[in-house]
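The letters A, B, C and D name the chains in turn, as written, and every chain counts its residues from 1.
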Amino acid sequence: MILTTNDVLNIISNISEVIETNRQYLTDLDAAIGDADHGINLDRGFKAVKEKMPQFLDKDIGAILKNVGMVLVSTVGGASGPLYGTFFMRMGNVVSGKNTLDENDIVAMFEAGLSGIKERGKAQAGDKTMIDAMEPALNELKSTLSEGRGLKEAIEAAANDAYNGVLMTKDIAAKKGRASYLGERSIGHQDPGATSAYLMIKTVADYVDKLQQ
Amino acid sequence: MKKLINNPDEVVKEMISGFLYAYPSYLRKLDNVDVVVRKTSPVDGKVGLVSGGGSGHEPAHAGYVGKGMLDAACLGAVFTSPTPDQIYEAIRAVDGGKGVLLIIKNYTGDVMNFEMAKEMAEMDGIKVLEVIVDDDVAVENSTYTQGRRGIAGTIFVHKIAGAKAEEGAELEEVKEVAEKVIKNLRSMGMAFTPCIVPAAGKPSFTLDEDEIEIGIGIHGEPGTHREKIKGAKEIVAELMDKIIIDLPFRDGDEVALMINGLGSTPLSELFIANKEVNEYLLGKNINVYKTYVGEYMTSLEMSGFSISLLKLDEELKSLLDASADTPAFKQFK
Amino acid sequence: MKKLINNPDEVVKEMISGFLYAYPSYLRKLDNVDVVVRKTSPVDGKVGLVSGGGSGHEPAHAGYVGKGMLDAACLGAVFTSPTPDQIYEAIRAVDGGKGVLLIIKNYTGDVMNFEMAKEMAEMDGIKVLEVIVDDDVAVENSTYTQGRRGIAGTIFVHKIAGAKAEEGAELEEVKEVAEKVIKNLRSMGMAFTPCIVPAAGKPSFTLDEDEIEIGIGIHGEPGTHREKIKGAKEIVAELMDKIIIDLPFRDGDEVALMINGLGSTPLSELFIANKEVNEYLLGKNINVYKTYVGEYMTSLEMSGFSISLLKLDEELKSLLDASADTPAFKQFK
Amino acid sequence: MILTTNDVLNIISNISEVIETNRQYLTDLDAAIGDADHGINLDRGFKAVKEKMPQFLDKDIGAILKNVGMVLVSTVGGASGPLYGTFFMRMGNVVSGKNTLDENDIVAMFEAGLSGIKERGKAQAGDKTMIDAMEPALNELKSTLSEGRGLKEAIEAAANDAYNGVLMTKDIAAKKGRASYLGERSIGHQDPGATSAYLMIKTVADYVDKLQQ
């Protein structure tokens, strides 16, 4: 299975909608252990992405993703802006010049994006951040694909594991980001960034699912 | 949510507009980005000082742009770090040839955004250094975590680094004195009531009529723990015990003191806190050299306050005493 | 009632103590009375300026004692005029031989207590004159009533009369310029939430989550009427319509503008109000010469604000521009 | 019937107690149309009077009343401080040097005190102030006495009319004092100063009543 430029544009547009729908939810999660702006921040960013979209239409996938990253960096602010921005820019780098993505491209992109986040934020799995949704998702994506079970199933499994990662963030204390100031008091609350990461992965899974039907 | 606003999503834009109307002789705004710089920027032969952060902390940081303090302030969305492109434009606008010092409060977001901007400016050949302020002793310090927050004590960094830069010092020297301030600076705060981010429309947490939140930051986030309300003397003692022991401040030390209101605590109450802090320090034979009482770094309409103590030496004293003329911080020498 | 205090009945005493700890180089307190005077009082060959009023308006009035403004401030109980003996002691302490001007806000209590003190001081042979500030256009003016209140515009009287006195002017001249200010000064305010007098322990009135109070004073008293909440632009227009028409301010006038926070309205919101006021004035071709945005005369933790406009001529401009150095009002020339 | 120095001291002490008891009530009345401090102000003043009382014990009635007035002036502040202070000082002036008071003294005192209040505050009956309790009380005192019905009955009648004056303040708009800023909005609310004036007159009436039993 292969994703085209058009698919990528559709997915980005779907993500924008999902973020808009979940703006209040993500903000409420952030209110509990942060500063009540995660949904507001991402929504501002993806609204800007949507506005700039027409300018990307004739570009290759690498350029599109890099541009999305740059728009996010320059409009989201906070912690999630540079992190998601870096994520998309690094993904774009890996597929620079391409107009289609195969399974290997997708793994490579995700891998590069996640290491970008880790470099930028100096966090790791278990710190109660977006990484706790992304890292299990990436691992599951790779292992499902290596078993030859195809992209649709692999991304579905990845989204599942991202969700489990989100739930797991409830059980741990934050070590990075604003929630870390709460220490043990952050236990019991779900991480907003992990949640938004899951929502994005789930959006990809849903798209691929529809595509294959 | 009762606010004197027009539209929750336009708060920052409209606030900047009103700010510029108020201080045309001090400041101008850069085109297309929410960055405020000295009217006369760049100042030739002077190290440029850039700070900033989320909005909602007024008068921080734009109020500190002016003679003897900052050259530029970058204004993010409410409680949200400004973005790298804003900070990059600020750096470019204030570099007078001697390089630029970034004064960053230690939040994941702020640090990442400022560092991305630094990388961008360095690619242009501008010399950029940074200092990271982490004065809040409420949070345990640890290399495994993000570490401590930067809160109201940051104003002392602006003031003292600003005075040093105004003297014509080199970038490395300005950075060095800023780091000396940070090393000798400790703060802690508490809140009686939360605040409401305009776009969120409701408070981040709620407190009962007899509850207070100890160890609060400046972003409406909950603090380290909750207690039954108590008197000003007891509250001050709880904060001071943590502040004093941390550096530690000792018998015979000279300090600068800031009692910072978080938004809706009346000045009269801040003065009562100041009385308690002074009596506490008298008991420890720590000498207050200079005192600042007021709203220096707020958290929207939060009710509460923070205490900052800076241990002084002769250099810091003379830089602290230097004159400053900005919209929110004026001082005759 | 969530306040940073120890004891509701000791609020004024403890606040003064904290105030003195903060500004030892500016001020001293007279023995046995709640009066704060310049450290160097009396200033030889200078007319003495005495003001004051109830407490709860901090930084007014003690914060305005210093070079270029007041010589003494008399502090009453919360929202209660100071007593004649206090004011009498203040007059005696600041008379430098050229007489003393009393700057009184037009409240029955204030006027009576200041006038009793004036009579007492005159019996000692001290020359005392008075001016009565009544800038609040919310209240209908009439000779059958007490007339209008004095509110935040009073700070302009302190500033300009203070500058005149600092120049060495005679008592009559200082009085004359103070009266010129009063004649050209108009203000009006509104509130989002009431305030709580510490000793009373509960708010004077209550407002629903969607109600605002228009025409509020500075003592927590209800205003002229109540309305549904509306945007900053509409609120500003309502206040400005009454202010402008009253003097009236006209096309081509130059004005000084004060946006005064009543206690817990964030500075960011005051700047939004400032934007609206400026746009309103632009529409009327009235030119803002100088702007002051901040908490100048508060009403404990009340949320709300007032607008003051002062029509300027060349003399008022140059006195407004003069430098001032007090704890709460600092200005470089 | 004659009042002695001791009676005067007792009455002042009773007034202090009545004000203390009604501190919250008077403050609440002031909250509605003023600045919520009338009870607090008077209580502060009469507490100071009580504290200074031992120093007055050997003085004549005129001196006692003058001293009470001076203490009130220097401790109450606000509008009621100079007004009640002047009231007591003027009463003291009229009976300077006396150690007993007869009916004529009492009328003369009250008359002098009330004109002091009017001079100081430039208000008159119908302005919704303490005068609205005092003036009818004084008139009734005089007319009852002139009918020869004795001090006890006269002060009782005066207190009654003071109370009616208090009730009347509900029906009118304030022209003086802080409540005047409310204009028509002050209608419907009882004036705190009229109420405290009534309470003081009633305290005298109760004392005289007990005395005669």
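In this text, contacts are C-beta pairs under 8 Å (C-beta built on N, C-alpha and C of every residue); 3 or more make two chains touch, one makes a residue touch a chain.
Here the structure is a predicted model, which is why all the values come from computation and not from measurement.
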item	value
Distance between chain centroids, defined by C-alpha means - chain A, chain C (Å)	55
Centre-to-centre distance between chain C and chain B (centres being mean Cα positions), rounded to whole Å	29
Interchain centroid distance [CA atoms averaged], chain C/chain D, Å	32
Contact graph of the chains (line, ring, star, complete, other)	line
Pairwise chain contacts, counting only pairs that touch as defined	A-B, B-C, C-D
Residues of chain B that touch chain C when the two form their complex	2-7, 11, 14-19, 21-23, 55-56, 58-59, 63, 192-193, 209, 212, 229, 231-233, 235, 259, 263-276, 278, 288, 291-293, 295, 298, 300-301, 303-305, 325, 330-332
Touching residues on chain A, where the partner in the complex is chain B	27, 31-37, 40-41, 44, 73-83, 120-121, 175-178, 180-183, 185
Interface residues, chain C side, partner chain D - complex	54, 76-86, 107-109, 112-113, 116, 138-140, 144-146, 149, 197, 199-200, 202-205, 217, 219-222, 224-225
